[in-house]
């Protein structure tokens, strides 16, 4: 093997997976985990626990995909998907955590941050929206603030980095270009993420080194196989929280009130749509 | 057939469907419609059109289900799912449309209201949260306000009522009770919607009669077969808007910058999660 | 008198006042009106009335000044001062009333709009932020929307235009330049309002003509004498609303709990500031 | 002097003032300080500094009064008055600083908190809205969080406690009862603050002891003489921040565009209000 290809091999190894998982198997496993996600939900509500899950990773790494599997069967009042837009000029001058803290969990809530304050060390740094100095300042501040969140505030914090390879990212962008349904997802920012692969690599490596702390470690999720990545991440999240099964009192389905004389179910007006299917 | 069962027969007829649709067929048809929903999205963005879609119907009718199929492959910046919480004491005294108008579409947006201002004539009336007088006042105000929205503001407004039968609603509640993953969806309010079936019937009938206008008609969607209901509703929505295909310029995927000497893809820190799957 | 100066004379006449009012007299009269503003407040709270007051006028006309006199002794929960920032790009494409309706009164509230939706026909038109076509579209929409607000929603709506003369406006800008405390109020937009005096004149004249309706008339307040303008406007507002005196049950001031043995009022820590005055 | 009255004497001494200040003198001094507040404003804008000022104290201590003197001549975009309503049920379970952090300063802003996170150790504790345990937990958390704000975030933080005596508080409540304009300010919560004087005394003493730190000391402002209190507090604030005079480029007032032929200043419509004054 040529020396030049050594890194590729290493990277592949780190993300290696025994062949792509099949859909049927994936759905069967996912269904089991979703039962557990609902149990976690019940426990969080019963105990008033507060949870934050941070999802980071390059474009196409699959952050949105795993979040949508987590929220598919759970309550939007407990599992809250938060994807903030780019900061306004005023927000850019606020302390880094401020925009996010507004979305921090109340008792009984699990906040899923689809990208997070780490933007400042990733996309904002690589694209030059903040200076290197600002990015470094952020990296110095993040660990003590996260320690505060975890130790003092008692919030359960999990940080996941979905790790996709250069080849796989390119394949996913090519698939977006081939599939008209995905065209709207393509932006000039995306193509930049392909072009600046190595700048992002350096930025993320530095970010993780600087903010991987005992109180708030980074968990790296090999993400070249989307299905395995989703299952592994969800399973890890579930295993990392010591929730217990909580009994719910189920309501009984009551008898309907008696039908009033002459009443019919037919609606009196409105236009029935044609049944095409 | 006993006279007493006549209404049931009538209701069933109105919602009759030729056997439950199979999943495979459903997904094939849905995929086609989702391509069109993306085309509508592109057109709305290109023309700056503003669209509001109102989803109403009893508990378990399938409002959330059809909305999640619409948004599964579309952009959250264009198709926006809005499900407001119960109004605060202060909001209760504001004009009925105020809480909702804050979420009205800007140019290029499609707002999906999962329940809407019609709550005042449905759940709030039946459960006694507003007086009959207030509900009637609302029903008088809604048509002129909607006319303003459509005629003066130029907003495309569609109102769908998902119509489920008494037997089917009961079956769905029973299914929720049997499936632990759905337990969190059960609330005392739900069981009330079973008990007060006929009160709801009268309230919805009156609501639709009072607010079915030429500018903002109600479309009734038979909803006992969830899959058919979803497809029929989406197809109707697409057919009712005269969108055209709009060409998108696709970006080209650029070459990556050269790998810096000694660079590797390996992240320097972070804890790999174990690959269980 | 030269023909050329005729308009100036006419304008001055319309705003003529018998000599500047003296501060002492002003404060005496204002105090009386403030008692009435509090009575109006009590009535609005007791009856659940909803009131909107729109303040329009050129830069330096005194909108902020009269509002601060209204709110000086009243409750911020009833009299609410609303001065919206310039609209965002997204807001610009929403229907004109949307940003404002979010601030419409709940029962028992009086909203004071410091500038309003009429910006679109004033500053935004003159400065070219909207096209003439958009401004005209707005002027066509405003009357029916305001009719809806007044007739259907039952909101009490008052619209005041503070009318300042060209000479007085110039004097006020010159005073701002001479007074360092007012320097921060000076912006390039302000000097434009001096330069484009006649464009503004035409825009405001057209705006008032197009939106002076029986349901929502414009009241013109001569504003060259600030003190008289404030008193006259407040008096007009009070006279135009048929409020009545409402009795308030006053709490009695209770006896304090007995001093615990050994308790002292001294605070145990903290650094007393030096008493310079 | 009877032993029993010792504490009163001590308290009076701590707040002693050489006779009430006269209005004229007060206004002259205030005007000077307001010039400085504007200079501080310009400096904050020019340097992007971020400032938080916390105002605490019993009911009637004069928090609102001093804030309104600070903001009387300054820009609402720089000096921002923040008085949050009681927390919602959901907010009560969030971390204590969350509601407030949403209002933290961007660059170039001075936030004036009219009551603050310290409510939890004052009114909420005394009135039993939180348990003693929660109040103590808050008091343990506040110092490290404030240290973070000051040291890490680089925010200038000042905390003032306006200290009013029992006799003076009673006098002020009696004055409110005598003055109809002030009746709306009277609430059952107020009278409780009279009744529970000693509970508040103990709570505030403990609060200040627990949170008077080198990074965020409490400044105690004798407040029985309102005018002196205002001047002393503002002067202290100004002296504590090392601002410098910053030069502002003043715009020149331009010549107006020429009067178009036939143009008049008269507005074409609108109803002049009668000039009563």
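Note that the chains take the letters A, B, C and D in the order they are written out, and that residue 1 is the start of every chain.
As a working rule, a residue touches a chain if its C-beta (ideal position, glycine included) is under 8 Å from a C-beta of that chain, and two chains touch if they have at least 3 such contacts.
What you are looking at is a predicted structure, and each value in this text was computed from that prediction instead of being measured.
Visitor: What rotation angle, rounded to the nearest 5 degrees, superposes the C-alpha atoms of subunit C onto those of its identical copy subunit D?
Guide: 180
Visitor: Farthest chain from subunit C, comparing Cα centres?
Guide: A
Visitor: Can you compute the centre-to-centre distance for subunit A and subunit B, using the mean CA position of each chain? Integer Å is fine.
Guide: 24
Visitor: List the centre-to-centre spacing of subunit B and subunit D in whole Å, with centres computed as mean CA coordinates.
Guide: Here subunit B and subunit D have centroids separated by 47 Å.
Visitor: Distance from the CA centroid of subunit A to that of subunit D, rounded to the nearest Å?
Guide: Measuring from centre to centre gives 41 Å for this pair.
Visitor: Going by the contact rule already set, what residues in subunit C reach two or more other chains?
Guide: Answer for subunit C, listing residues that touch two or more other chains: there are none.
Visitor: Would you identify the shape of the chain contact graph, picking one of line, ring, star, complete or other?
Guide: The chain contacts form a single closed ring, each chain touching exactly two others.
Visitor: Please output the residues of subunit B touching subunit A within their complex, sorted ascending.
Guide: 7-8, 10-11, 14, 17, 21, 29, 34-35, 38, 41-42, 73-76, 78, 83, 160-161, 163, 165-166, 170, 173-174, 177, 180-188, 190-192, 194-199, 201-202, 204-206, 208-209, 212, 217-222, 227-228, 231-233, 235-236, 248, 250-260, 263-277
Visitor: Using the touch rule from the top, collect the residues of subunit B that touch subunit C in their complex.
Guide: That would be residues 48, 90-91, 93-95, 97-98, 101-102, 104-108, 141, 144-145, 148, 152-153, 155 of subunit B.
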